[in-house]
Amino acid sequence: QTSEVKIGVIYPFSGASAQIGVDAQRAFETAAEIINGKYDFDLPLARTEGLPGLGGAKIKLVFADHQADPQKGRAEAERLITQEKVVAVIGSYQSAVAVTASQICERYQIPYLSADNSSPSLHRRGLKYYFRAAPHDEMFSQAMFDFFDALKKKGTKIETLALFHEDTIFGTDSSNAQLKLANERGYKIVADIKYRANSPSLSAEVQQLKAANADVLMPSSYTTDGILLVKTMAELGYKPNAIVAQDAGFSEKALYDAVGDKLEGVISRGSFSLDLAAKRPMVGKINDMFKAKSGKDFNDYSSRQFMGLIVMADAINRAKSTDGEKIRDALAATDMPGDQTIMPWKRVKFDESGQNNDADPVLLQYVGGKFVTIFPTQAAVAEASWPMK
Amino acid sequence: MDQAFIQRRRRDLVIAAFLAAIAAAVPLFVKDVYVQNIMVLTLMYAALSQSWNILSGYCGQISLGHALYFGLGAYTTAILFTKFGVLPWFGMIAGGLISAVIAMALGYPCFRLGGHYFVIATIVIAEITLLLFQNWDWAGAALGIDIPVRHDSWLTFQFTRSKLPYFYFALTLACVAWFVTWRLEDSKWGYWWRAVKDNPVAAESLGVDVFNSKMGAAAVSAFLVAIGGSFYAQFVSYIDPESVMGFQFSLLMALPAVLGGIGTLWGPMLGAVILIPLTELTRSYIGGSGRGVDLIVYGGLIIAISLARPQGLVSLFSRKRKPAAQPVREAVAS
Amino acid sequence: MTAETIIQSLASGLLMGLLYGLIAVGLALIFGLMDVVNFAHGEFLMIAMYASFFLFAYFALDPLLSAPLVAAALFVFGAVVYLLVVRFAVRAKANTGMVQIFSTFGLAVLMRGVAQYFFTPDYRSIPHSWLGGKTISIGGIYLPQPQLVGALIAIAAFAGLYFFIHRTDFGRALEATREDAGAVALVGIDKNKVFALGWGLGAALVGLAGAVMSIFFYVFPDVGASFATIAYVTVALGGFGSVFGAFAGGIVVGLVEATTTLILPPSLKTVGIYGVYLLVVFIRPRGLFGSI
Amino acid sequence: MTALLETRNITQRFSGLTANSDVSISVGRGEIVGLIGPNGAGKSTLFNLIAGAFKPTEGTIIFDGEDVTALPAAERCQRGIGRTFQVVKSFESMTVIENVIVGALVRTTNMRDARRKAHEVLAFCGLDARADVLASDLVPSEKRRLEVARGLATEPKLLLLDEVLTGLTPVESQKGVELVRRVRDTGITVLMVEHVMEIVMPLVDRAIVLDLGKVLIEGKPADVVRDPKVISAYLGDRHAVGA
Amino acid sequence: MLSVRDVTTAYQGLVAISNVSIDVEKGEIVCVAGANGAGKSTLLKSIAGAERPRAGSVTFDGNRIDGMAQHLITAKGIAYVPENRRLFPRLSVRDNLRLGSYLYRSEPNREEPLDFVFKLFPRLSERLEQRAETLSGGEQQMLAIGRALMTRPRLLMLDEPSQGIMPKLVDEIFQAVKRIRDAGMTVLIVEQRMAECLEIADRAYILQTGRVLMQGTSAEISGNKDVRRAYLGL
């Protein structure tokens, strides 16, 4: 039997989001190490070497750079499939690239798994070979509004919201979801600011936020703009009551290195929290493995990327085959209990569109230099402090 | 006396036909879809660059905003198809015409500008359009347009796996762009354009309608580039503003021509054949490392080539000066 | 919209404009006065910011202190780039503009690659510096100190460049070389020396900008892209051949950006800047104060 | 029959400087008229105005019975005004023949005809051996001849020659003079600027002297050069006797 | 002072002058004449360093200067006014002239020759702020010569200085050349107007198709029958 199973991994390795790609590379390598080696973790494939279903075959990752360009993502997916003969593809950070890469996979009947793409439209295209184990923006946003509702019940005043989002597919999707939920649940959007990603200046934007002075500021921004946003807010004397961020930059170490002192009490959605290590020690150990490679703790992205490979490998193992269709069927039949992951998820189980609806998002608060889970209550390790300091 | 000239033009035509025939046969031997994909892109960029060359190379109006026409072509086709069910073949023509009209409308104020002012105006106009599309909800805004792929068909110009139809279309487009250039080169337009490029004041004094020359070049150039954009939309089957109107397209259209020889018949082809595979291969085979080595190699090669051959690679093929070009020396004092 | 919002907008716009001016002043020399295209301007800024960052990270030098060092380092870098790359690009017989674009574009890609190779693609920033995060508030109008200092440096840099170009023989030699690089030898000028110095100086000015920027901005290999286009537009808007033009161009860009957001959604604010550029050149084809 | 070209009260000012002031001249069909005068007198400026490079501040220009003052240069060329530039403006990246073809294309869009015409003109100007050389490789005197060839290729009724015969040895000048005569013999009217009296004197039918932007005097060349004002402003003592 | 020995210069393989040797002594005015394309300009270019000779040597004041960078040759005291003038078109007349004294920028009286230039060409002093490109043809020629004089050369090389200059001024220019010589400079001049030129020149060379056809004192040359016919039009 095959001694090696190739899995394609397409990420941005150059250009403005190269940092994500490079961190992702480390996360995938960590997962591959665990799968290929023997580790005493309660994680699928950890305790065995390689994939027992394929006679102990090892996972080999083939990385490709899509430079955030859908056309390149597509070409790379195709190259990985036809030249490198990968049996599955995982990607891709940018949802725009996932659109084309997954389409190519569909054509070649090779499963595509979104480790971290968060655009809700992705799984609604009727593709057979598309899967996403992680939550999408609507699920994330829903968690935020659930949280608001809960706070409101306790008497906290949350009436007005200010949205601040970049003009990309991610920002648009995120704000659309938030707008919809705000309408449904009776929150007033007092500012809906769409800005150009990687702007040289955000002072005009921040002024508008300041003028709106909403109860909650909800940014959907990547690291660069996040840093600039926080710095500009400080410079223009704007101290929001509370910030509830749509992850992205707000779960990146770089942002907290830069402006962490101004962000005490910021809340971000996510699908991962290190405080899970208290309940599941393996989370801490795996995090240490990752940290040794990358110098960083797992964050929302790297943890999802890590899990992406675990889920995929698990399916290949169960499929006992490298045939695309068989792997797809195995993926469709996945049912991984939450405690066998490093995530606070209920479990991994895909609906017919390939989306895992049991990937419960969590809300994390940045307190004393690290993140603690504050929502939902069953996962929370601390009470939210509101307003932020 | 003109025999040499006529022969040279004939020779160009024969060589082109010969190369096209060879190119057409290549897919019969090269089955690897990745390589085929690179060939499709190479031919597409060759066509785009050839078209860009008409306005910027021959007529000297350097545009770094041709992504605008590329994007307009892509969007017109995609919108007409997804929203109105118009077949891409018609969308292509529509996109071409719209682009040509817009090129002329923009030329009206822009062609008064000289040098860098013009270049920056082209960049800025393309960028404004990109931003407008990025914010235009009806056209999909940032989410772009996902062109649903049903089944292989020439009618809808969609093919799920095979690259061959795209290959042959791109080849045709490249041939058309080349032929248009060839045809125009030895026509009133060709001479007018080059005259306008070299010295507009002198051109004017020789009866050249400088403004309309530029307009003509802009229209032809934009039309062909838009066809390329339409093709791209079909080929990738997903478009969003950044990926069809971004500045990088404007550059990628210009670079092959500059590399190969700007304002020459063969330059864009030659440049594309070298540059595009280089771009793709460096990214594919060294880009995955995440260390930026592909950029170092790619950037370094561009510098090296452009400095080694500032007049373009076609100059490697130009014949040695013939002694017939001896200057007149009238020995009067003897 | 309150009066305060408007005043704050204008004040921020002005400061930002001076900052754009500071970023563009090096380009105003190389692109505007020497008429050489530098597509790697943003990448020059990027390495200047990295230089500031690392001087801070390893030697705890505040960006304000390290600014002269960064400028000096960039001076050398600029001169070397001229001598190794640009010198050959400007020598092309025809289409020198495109050859310059092409080779400096290659340089930009190369520099990004090198930065990624050595510095990783991580986003870096200086968390605490003397001015970082400090702000002055006058009657509810906030003026961030880094930008204020940036504005002062910008004014000084422009004044210096103006003096240099208009009051020294070297400035005249620079213009002469631009006009006809082949003819300056007739009056004993070494064109390579003049242009290498010009490039060095232009890069040194970028170095100053980079040092200031590092106080409140982040740096990563692709950071230059955000500023490059605005810098080109600033120089062209002000008009080629005019130092004062670039200065004015920066202010106009900053003010337009700030006021556009009062009317258009912020994601379209650059549309305002670009629109004003088009408007200006359609009326005055040589920009606001351009002479060439 | 009316004059081919007539300028009426032409005035041209450049920020503070009046280069032409109230210039009224006329050139009859088939004439060779010399326009002479000191450096900076406004001769080239007048050429530019006649050819349409820019519009006069005041005054009108009548060509072939039509007021052409408002027409752009290209249309004046179509109407039959051909010109050369004192500071030559060749199309440097094109070959000599291609330079001339551009001119020939005003009269025909048939490339074969244009090419034939261009060859004819080059042969006429003695540049045929250099047809396939890049214009940038020509030496200055050849470039001036190229200017003439280009102008001729537009089949003008009036040809404006601005110092095209400078820098020639006497023998070469002689050939130049013959060339201009032959041009006239093909029915083209010539208005020319030249400082070399050895060329002007035998060649022109009539001389117009500009000084400080104004017409100083006009008449037969032999008369004009004897005029004390012309001598003091333009010729200097030496030519007062000899020429 | 200047000694050109067996210089051969070619353009892209086409030999323009071959084995040309000329000498210019200090304080002389030497004239070089010849038909169009004879190689006169090429000779000056080869001396000035604008073209690199393929063979032969150029010595100035005992130092080899062939192959030297052009600006260094200028700095050695050779000023060259090329046929096409090469002014700085968009700079003012004033700046063009000032650039002439670039080499003396540390000297307080660097603009000393300016008076001389203005006396020679009063027109220039009236046009100081005008861009060089908008000057009339003759004015441009004056500026080119003026700029060269500003470099305070020891050897001045003029390529057809009378071109485009009105007759009255042609004489003045030749007289000025004489004065320039009297002011201590040496002049090498290429001219078509041999008659005028020979009047002031001490010696002359005649080039034909890239070779020295004839050389001698002005008197010898103007006495030669062929020369009178071909170059003096007599």
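General observations
To keep things simple, chains are lettered A, B, C, D and E as they appear, and every chain counts its residues starting from 1.
Here is the rule we go by: a residue touches a chain if its C-beta (ideal position, glycine included) is under 8 Å from a C-beta of that chain, and two chains touch if they have at least 3 such contacts.
None of these values were measured; they are calculated from a predicted model.
Centroid analysis (C-alpha atoms only) places E farthest from chain B. Chain centres computed from CA atoms place D at the largest separation from chain C. Chain A and chain E have centres, each the mean of its CA atoms, that are 76 Å apart. Mean C-alpha positions place chain D and chain E at a centre distance of 28 Å. We define each chain's centre as the mean of its Cα atoms; on that basis chain A and chain B are separated by 39 Å.
Contacts with at least two other chains are made by residues 131, 134-135, 263, 290, 292, 294-295, 326-328, 330, 332 of chain B. The multi-chain contact residues of chain E, meaning those touching 2 or more other chains, are 34-37, 230-231. Residue positions of chain C touching 2 or more other chains: 93-94, 112-113, 116, 121, 221, 265, 267, 270.
Those residues of chain A that touch chain C in the complex are listed here as 14-16, 18-19, 21-22, 167, 193-196, 198-201, 203-205, 207-208, 211, 223-224, 227-228, 231, 234-237, 252, 254-255, 257-262. Note for the complex: chain C touches chain B at residues 31, 35, 37, 85, 88-89, 91-99, 101-103, 105-117, 121, 221, 229, 232-233, 236, 240, 265, 267-268, 270-271, 274-275, 277-278, 281-282, 285-287, 290.
Across the interface of their complex, chain A is touched by residues 2, 5, 8-9, 12-13, 16, 19-20, 112-113, 116, 120-125, 127, 132-133, 135, 137, 142, 144, 146-147, 216-218, 220-223, 225-227, 230, 257-258, 260-262, 265-267, 269-270 of chain C. Chain B contributes residues 56, 62, 64, 109, 112-117, 119-121, 123-125, 127-128, 131-132, 134-135, 247, 251, 254-255, 258-259, 262-263, 290-303, 306-307, 310-311 to its touches with chain C in the complex. Residue ranges of chain C in contact with chain E, taken from their complex: 169, 172-173, 175-176, 179-180, 182-191, 241, 291-292.
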